[in-house]
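Remarks on the structure that follows.
Chain naming follows the written order as A, B, C and D, and within any one chain the residues start at number 1.
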Amino acid sequence: MNIEGKKAIWNDYQKEIADDNYFYVRSCVRQNFFPGSETAFLKIMRDELGKDVYEHPCHTTCTGIGYHSDIVPLETTMTVVARQFALMTEAGYKNLLPSCITSFGLYTEILDTWHHFPEVEEKIRKQLKKATGREFLKPENLAHASDVFYKFRKEIGAKAKYRLVHKNTGEPLKVVDHIGCHYAKMFPSKGVGGAEYPYVLTGMIEEWGGQIIDYPERRHCCGFGFRQYLVQANRGFSIACSKEKFESMKPFKPDMIITNCPGCPMFLDRWQYVINEMEGKRYGQNGEGIPVFTYEEVAGLVLGYDPWDLGLQMHQTDCEPVLDKIGIEYNPEEKFSTNKIVEDVKIHNYVNV
Amino acid sequence: MSKHVVVIGGGVAGMEAAGQLSKCGFEVTLIEKENKTGGNINNWYKLFPDRRDSSEVKEYLDMISQKNGIKLLTETTIEKLNRHCDRFSITTDKGTEMTADAIIVATGFDLFKSSRKEEYGYGIYDNVITSAGLEEMFRNGKISLTNGKIPSAIGIVHCVGSRDEKVGNLYCSKLCCVTAVKQAIEIKEHIPESKVFCFYMDMRMGGTHYEELYREAQEKWGVNFIRGKVSEAGESIDNKLVIKVEDTLAGRPLKMELDMLVLMAGMEMSEGGKKIARIGGLNTGENRFFSTSDHHYGSNISNVKGIFYAGTCIGPMSITDTISHSRAAVSDVMDFLRDQ
Amino acid sequence: MQFDPFVIPFNIGLYFILFYVVIRSVIWFRGLSRQDKLRLQRGFFGIAFVQSLKEIFLESLIHRKILKTNFRLGYMHMSLAFGWFLLILFGTIEADMFGAKHLNAPYRAIFFRFFNPEHGRMGIEAAYGFLMDLILAFILSGLLLAVSKRFWSKIVGMKKTARLKVTDKIALTSLWLIFPSRLLAESFTSGTYGTGSFLTGSLGHWMASFLPVQELAYPFWCLYSLSLGTFFILLPLTRYMHIPTELFLIFMRNSGIRTGDKAGSYSEVETYSCSSCGICIDACQLNFSTGINNVQSVYLMKAIRNNDNVADIAHNCLMCGRCDQKCPVGIELSPIRMIQRRGSEAENDIRNIYKGYFRSIQKTEIDKPNGFAVYNFLPEIKTEKADVLFFAGCMTHLTPSIKKAMVKILDASGVNYRFIDEHGGVCCGRPLMLAGQDKEARELINYNSQMIWRSGAHTLVTSCPICYKVFNESYHLDAVVLHHTQFIKNLIDNGAVKMKFLRKRVVYHTPCELGRGSGVYDEPKAVLKHVARLEKSKFEDQNSLCCGGSLANMKISYREKSRIACDAAAELTKGKPDILATACPLCKKTFSQATETRVADISEIVAEALMSSTTPKVISKQFYSIKELADIS
Amino acid sequence: MKKMEKFGFVISKGRQIDYESNDRRIAEYIYKREPSFRLCIECGGCSATCTTGNFTGFSLRELHILIKRGENDKARHDIKKCMLCGKCTLVCPRGVNTRNIVVLARQAFQNYDNYAI
């Protein structure tokens, strides 16, 4: 592989990311999937980086899931999105910061649509006005939360307590990055590094000491694919997609997977468990799974946060192998203790992948 | 005093046009931006469909264009082009000024920059090369991977930068199919035990003897043809290229490991041509090539009186067609200057 | 002198071959089916025996058929076979007449001159010696041709000579040595004693002038005996086995035994009766149009005898039947090839025991248990009654003009007919059979048979000779099967349709499956004569060519097929006819690509000549059903 | 296992043709004996005229490509349906000896089952 070639492409795909004063919109599903991530994000942004991140209590779903599942019409979606913009405008913010990749994609798509079809924008403005009485300004800057961490990767790196290296050998950890499909596949120019060789997570990992590995099925969807998972009859296809990725990355012996999308870590994590249950296959080394993290979790880990505060006990594929490799201190006893974020976890015969 | 015609571009079209103009008794200036004439033909080793050496055609072009009465300016570009009462005044980048009674634009084509099709990984993965890169290997007599090994499975991707809305080229470059077939055969000649796969959307083998060449590739050389556009390339742990394509005829996605991927880069309006269009006020079409005054009978005539087109500056063309087109341009120039 | 050790090789050889032939014929006889055994027994005590003797004389000795096709080749075979026969016959008489006693051991006749060196000085002895020399000269002349044929086959008027295996070569060498060594041995003896007639005498006398003939004689007598012995011992391993086997073949054939569809004693006898004369190679269009010259029947026979893998040879054949017609021994070559096709995919269970002297009969299973075809998808049969059924056949659907013509003719005929595969039908099964897949074919045959039975039709008309052959041979139908040319002929004879005479010169190409395959030669020509001027061609009836489009050959390429088609079409259109007529959709399709001349099926020409104003008449007489026929008789 | 199925979890068999892991011996067998197998341009003429195709979804064109890609399971099943009538050979614009290919494929599958190829 020619890294110079990649750098040339990365240079072509740089986007403007606001410095401060973000209007944060949450993801619908992340709080259920990995509730520590968004909490960690806000904590890092506010406490570590000293940024102003505002969350409006009235913000809603962007309807992305409904839209991509063909149950919410585009016009409805646009109006809901317009309301988010109105909330931002009312709160006096100009920089929109979605936590969710699908939201990010949807906002991008809608802004682009309005750019090309101003009459649609007008219509939506009227509808929003009619329905809620609100008015809005379009965001001046739209960046995904991972873009912001990418922007401040050096700052985070400077404060880091750990590096993504093997504590014994000093070798960088081999990290698989998985970018949510809606991040840049629709609008390559809106993603850091473009659609084919996205740099957003690679930049973080390289800054924090790890090494990204490039494997053939890198671009493949995690398998969520909305209807693939949501329609039960299609679920086998969802697993098959993840499986294809695992089979493809396995020869590279990755230590961990990092993702920037709500669904991807969920499915890459859970399906490893399911595949193991159904076929007895595991894709990590020494009979383990490949731990899957969100970028916020990884940032939290390098900054020295307690893994259980980050919610890593919610992962079905055990994260401990990575913690041990880096040498992160943690108390195994406390993994499922009730005073942590997860307040009422019954300890089942859990995941042992 | 004989009339002066300036030919812009010293490729196949320009050389042919200059030669023919000179034969007709005009005073000719041939302007070429590189340090030697020939243009794209210099990048090709053997020509389809008969696989003759390109130098033979180059020899012919040299023979007709290196004559008294043809003034050759190499490493020269045109900076200014103005029309003053039936004559053109031209200023080159070196400050030379000249006047011309007529101009033949023969700025030709540039090969599509394959790195723009990022998903194929040209410039990123080792062993993803272009058709021109493969010609270079043929010229050196050795097809090898970057690690020096001989490839055993080679994929050829048709329509790279052609018929592709994503890169803004809706048109067909016409000649990549036959080039792919020619190169597939040449690969098999060099490495008989190799497996060669052509990934195509349609096989457009319209020229004389092209279809026969296609058949030969199948029958004699066992080249495999898979109908489907390669969607992406990746790299496996053992440094092989992994391509994904839909085998549209089987109606199934297909994954294959290859040692080498050859991209059949299409033809695009040349940068030089774009510049001439800008400074000369020449119209270009949606495909960015020069647009001609009439599709059927005015394919050499531009929107500016006295400026004529020759060759691939108006769209993809084979060498055969280019030479015919250049001769036709000369005929239009003669008509034009006789009327004056 | 009564005995000399040098005769031992000859004696061993002779008694070995006699013993072998007896054993072999017992094995063959036991291998026959019960009916065939009865046929043979009846034949032995009947007229067949006399016929056989006549045929043996005419064909095995005189080689009449070869003489007719190719005089020089015939002469070669005749001089060797008939000459040798005469030599033995007159030698025995000579030994009996002039020898020391009557009823001698065979060696005394063969080596008569050695044991009676003084014989032949005068009178009747000299005259007899002259006769013997004449016979020897006759043989030697043939031998000279044979030797030259081996090195230059054109000298006997053949384009291609059969290739040989090693044992064949040794046997051939010993055969070639027999007569020259006899000549030299006799000459040396004659030279020593001053005896011998015009050939041996003169040669001996001349050689005695500069050679120690007395010393040389004995070694050549040894060589003579040795070559005879070697030849006899190797005989069962070589193509010369045809010499004794052909006698059995002629007798079995005259007793009414036929090849059938399984390998058996008769097909074995046929296989061994092939003398490798190579006439089939000359007749074969694959040879003269495409240059494929290693798959002809002679090679098939040889491959079977040698237990080689025959699959490639067996399938590389147009099955046009030209060689069947030409074979001077009368071997049923096509049926034997079909047997090999059926068997060639099955496991080879032929064992070659005792170094090839005995070979167990090839077992070919017609019911191959491969399960490689299932036609359970065929639609349910709809029953619609009709008197006459028209089955166009798959190929006819690719030549819609024939289909259209037939519909026009059938409509005009006024018969109550139904076009059963108007919207596509099920294949007749013959293409599968030609590929050796009889079991699969049987499924299709059953399907079509049911459809035909249920219709209650008394006549089945088909446009395709391929279908026609299989309907006739492998279907058991109540209906009379007619090719459309026969049907049209009946219509004309009954006056059911009226036609105008077209002023066109037509040459007729007999399709293989219709002509040689089914014996229909006259009706198509009669129809053509009725509507146009029929011209003669060089390739008529049994000698007709194959168009090359045959479904039987799957091994040759499209280009090779078109080469055959072009050659055949060129031959047929030499007289520049207006129309090249045929009676087969496949021939039509193949020829259309191969010639500038208009190619038309007879039905098309008839449809063109048809006068629309005729009142339809219901014809009856020709179409009695089998049941009705039984009632009448 | 059962537990997962209760959740509606199955792992679909991929539709992807994995060129490397597929077994193309059947195709090789045919290529060797009938070189015109290579000439097919998948025009579909054979499938359109096919007598069997008139009754079923049998497609000789598809069969060719499946065998070439080593997707033998469907081909093995489908090929039984051919009646060998030969119309396909007559309509083929490239002179592919389609009938022989069917016969060879049947042979190849038989040999394959007998471990002969």
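The rule is simple: contacts are C-beta pairs under 8 Å (C-beta built on N, C-alpha and C of every residue); 3 or more make two chains touch, one makes a residue touch a chain.
Computed from a prediction, not measured in an experiment: that's the story for all the values here.
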Innermost chain, where centres are averages of C-alpha coordinates: D
Label of the chain whose CA centroid is most distant from the centroid of chain B: C
Distance from chain B to chain A - Cα centre to Cα centre, in angstrom: 45
Cα-centroid distance, chain C relative to chain D, in whole angstrom: 39
Separation of mean Cα positions, chain C and chain B [Å, integer]: 64
Touching two or more other chains - residue numbers and ranges from chain D: 16, 36
Touch relationships between chains, expressed as pairs: A-B, A-D, B-D, C-D
Chain B partner contacts - residues on chain A that touch it in the complex: 1-2, 5-6, 8-9, 194-197, 214-219, 248, 251-252
Residues of chain B defined as touching chain D within the complex: 203, 215, 218-219, 222, 224-225, 227, 247, 249-250, 252-257
Contact set on chain B toward chain A in their complex: 115, 118-119, 121-126, 232, 234-237, 242
Chain D residues touching chain B - in the complex, by the definition given at the top: 15-20, 31, 35-36, 38-39, 41-42, 61-62, 65-66, 68-69, 71, 94
Residues of chain C defined as touching chain D within the complex: 345, 370-375, 377-379, 394-395, 397-398, 424-427, 429, 431-432, 435, 437, 440, 444, 549, 551, 554-555, 557-559, 586, 589
